[in-house]
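One structure, pasted below without further comment.
For reference, chains read A, B and C in written order, and residue numbers begin at 1 within each chain.
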């Protein structure tokens, strides 16, 4: 149980039903997460990254169902588990830091109390002193004054609330932590602090982490490995450096080129024409083909398999960009491509 | 003011909001949201206004578009057609006429279009309200603009409702609306921050393209330094209602002089795992500028703060050479 | 800027035609949503049934029904010995003679009231004025609530304070006492009741709810955009604010109809209104003549009017509930 990956996802497929039909939110996603490793999942809105997070936590709404695949945490498949078994897994093995801390904290309860409730539910009830001591310890860990334990969420600033939500996620000592865009609503300087804190905690506590964001700069700083999601499918998965220096999927390349940076030379950015597809009716074959400049008939007809092209670098593409220089030298390579 | 080059000159602009008080009670505390701001924007150029939340950049934008009335200060506009006026002083009919020259693009593409009105209604509104042209001319003009912002064919978009369009398309409609009346100056309040990354570039490029084509100046408000670098020739950094540094974009990023600017730049994540950065630690968080005491606004958090910063009032903006202005006693 | 050719405007039909088409489309999609809910359809069916009743009455009076007998106010059936009399299709008890000569079963389907008038005729005749009352009260309420709510929310400050104080006063006024006073001052008809009710209800709780909705609309970016474009206050209120409030107002309209009809019934029953004929009056006559709640024998005096009131009120309420789902997207099933 101590060997092997902390988390193993295979062929995860999740749909949810709407009035207009079924939305294929996550389709055949597979990846492993080693202990103490940080995986950054990057993609635009609607790509399925948050859906994956909620599937891993089994916190899906009523109209959503995991149709296929398994999720192994410490070797046990949580897709098949019932509520009681899940209680032992959720928060104790895998916990989540939610986007928009405002949504995760109940405004009418004191912050410390909410964390104690979470611990009561998943660890069993402790004495008041023990609970408060634990909460104080957690607050210390995330950089909050323990005296704030008895305050209400509205008395916290945005950054402080986010720290409180992180404390809540850590309260049962999980091995895996999912951070869903934890810094999106925060100012730059606060974001920087929270980012560093999360990364430090992750390394110190040797937790496996999945960090979800649409911001590739943040992902670059926080992740050991990076997964690129597009339209519910994983387009590419590799070590962070490999993704940036040798992107193989055309979408990854386009994404990297779309982020302006304050460092380096001021280069022209490249537009990606079109829009992400409607997941009610996704295109056949490769879901990126309508926007891909390299799309061939095969791409339009057949879905490319997600395979390892060497060096633990996975891509789902019929025509991966072998040997394409990274966007730090775009002009020569990408003339007229996009 | 160089009447040929300068389009807008802002002098000592202030906006104070009362705290507490009401109908019968006078407020005795004020939020100094914008507290004495000076800058100029040349014709056909973009100024980026950068800062964290609560620094007053959005309020400044709303002052320039006269959604707020300034508490003090002047907004001198030198317009080709309507002459030179102080936007801060205008009222009533004169203000309405002058609104033709200053327009605004808002942050949220989902909130800036009335969900009950068609795209046509939304884009034609400035023309209708200003009584420009007859209905036929207005239709033509709206169609022209929709094509210009990339919503082609215009006829298929004109009679749709906002909920049928994506975020990027809606923002293009907002751009069309801002340009339909042929303004000289547009205040853009974080127009791309709520859009997807791949859509963002398209919209930013559109704005640049149109700026060049129609000689429109922008006040580009954003919290994202990288975007400001891409869009603006000059950047001004705001903190607690004051401008602390202003310079040409590349100069500011390469050579930041104010400790706040330095901290801000060091905190921006870099999209490259090979590059590392050392972020400058500054303590504390941004507070609300309520009745600020008479000293440098950044004193509480500044890593190089000194007695002079505490004893004297907030330092004035001084040109340190090459148009690079800083408000700091220690530089 | 180079103008594109005029062919652009000729490539699509006139603006008003397009708007009509759009309105029709939104009506159809609204109907699709509405008709998913059986509750709403039941409500509509009931309203249609009552509407039919109101329409048929003058036709019947002109053709089949002989006015001296069937007039809802002054009719009197001389053939029948004792009024009130049960419906003519109810078989007589042995040896009971109720009429001078045998009567056809359809003579009085719901019997006659203590004053000798046909009950069914009264029922149908009153339907028209009940509808009129309800709809007029609703329109007045909506007009006042929407305008006051929008203006109050938009201007805030002194205007808001004054209007809200007026609303408070209206809210506190005793409805019944006012009506008693007014009905003693002049000939108080349904019309007057509709206006007074509309006024008092319009300023009451409805205004608050609409005002709070208006406050959420007021801060939206498109309002700022309209102001930046140079829109006047009036333009913003009526072009942007009010249309976004109308769905909510419409909802209130439905509820107001219900309340207005019910209030009228209660007030008529208490004899406070000087109205000649309504469902409430029907019950009131029954009570005044001493036939209310005496025995089951006089069921035809008690139930028809009461059931009619309940059904019509419920009908409007159900329609309002179903409309709520159309108007408020969050209530819809996913």
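Following the convention adopted for this analysis, contacts are C-beta pairs under 8 Å (C-beta built on N, C-alpha and C of every residue); 3 or more make two chains touch, one makes a residue touch a chain.
Every value quoted in this text rests on a predicted model; they were computed, and no experiment measured them.
Of all chain pairs in this entry, the one linked by the most C-beta contacts is A-B.
A centroid comparison over C-alpha atoms places A as the chain most distant from chain C. Each chain gets one centre point, the mean of its Cα atoms, and the points for chain B and chain C are 51 Å apart.
Inter-chain spacing, taken between the CA centroids of chain A and chain B, is 33 Å. Rounded to a whole number, the gap between the C-alpha centres of chain A and chain C is 55 angstrom.
Residues of chain B in contact with two or more other chains: none. Considering their complex, residues 1, 3-4, 6, 8-9, 11-12, 15, 18, 22, 157-158, 161, 220-222, 224-232, 235, 240, 243-244 of chain C touch chain B.
Residue ranges of chain B in contact with chain C, taken from their complex: 23, 62, 65-67, 96-97, 99-100, 102-104, 106-108, 111-118, 122, 125-126, 129-130, 135-136, 139-140, 143-144, 147, 154-155, 158-159, 174, 177, 181-182, 214. Residues 52-53, 166, 168, 196-202, 204-205, 223-227, 229-230, 250, 253, 263-275, 279, 282, 285-286 of chain B are the ones that touch chain A when the two sit in their complex. Only residues 44-45, 157, 159, 187-192, 195-196, 214-218, 220-221, 223, 240-241, 244-245, 254-256, 258-264, 266, 269-273, 275-276, 328 of chain A touch chain B when the two sit together in their complex.
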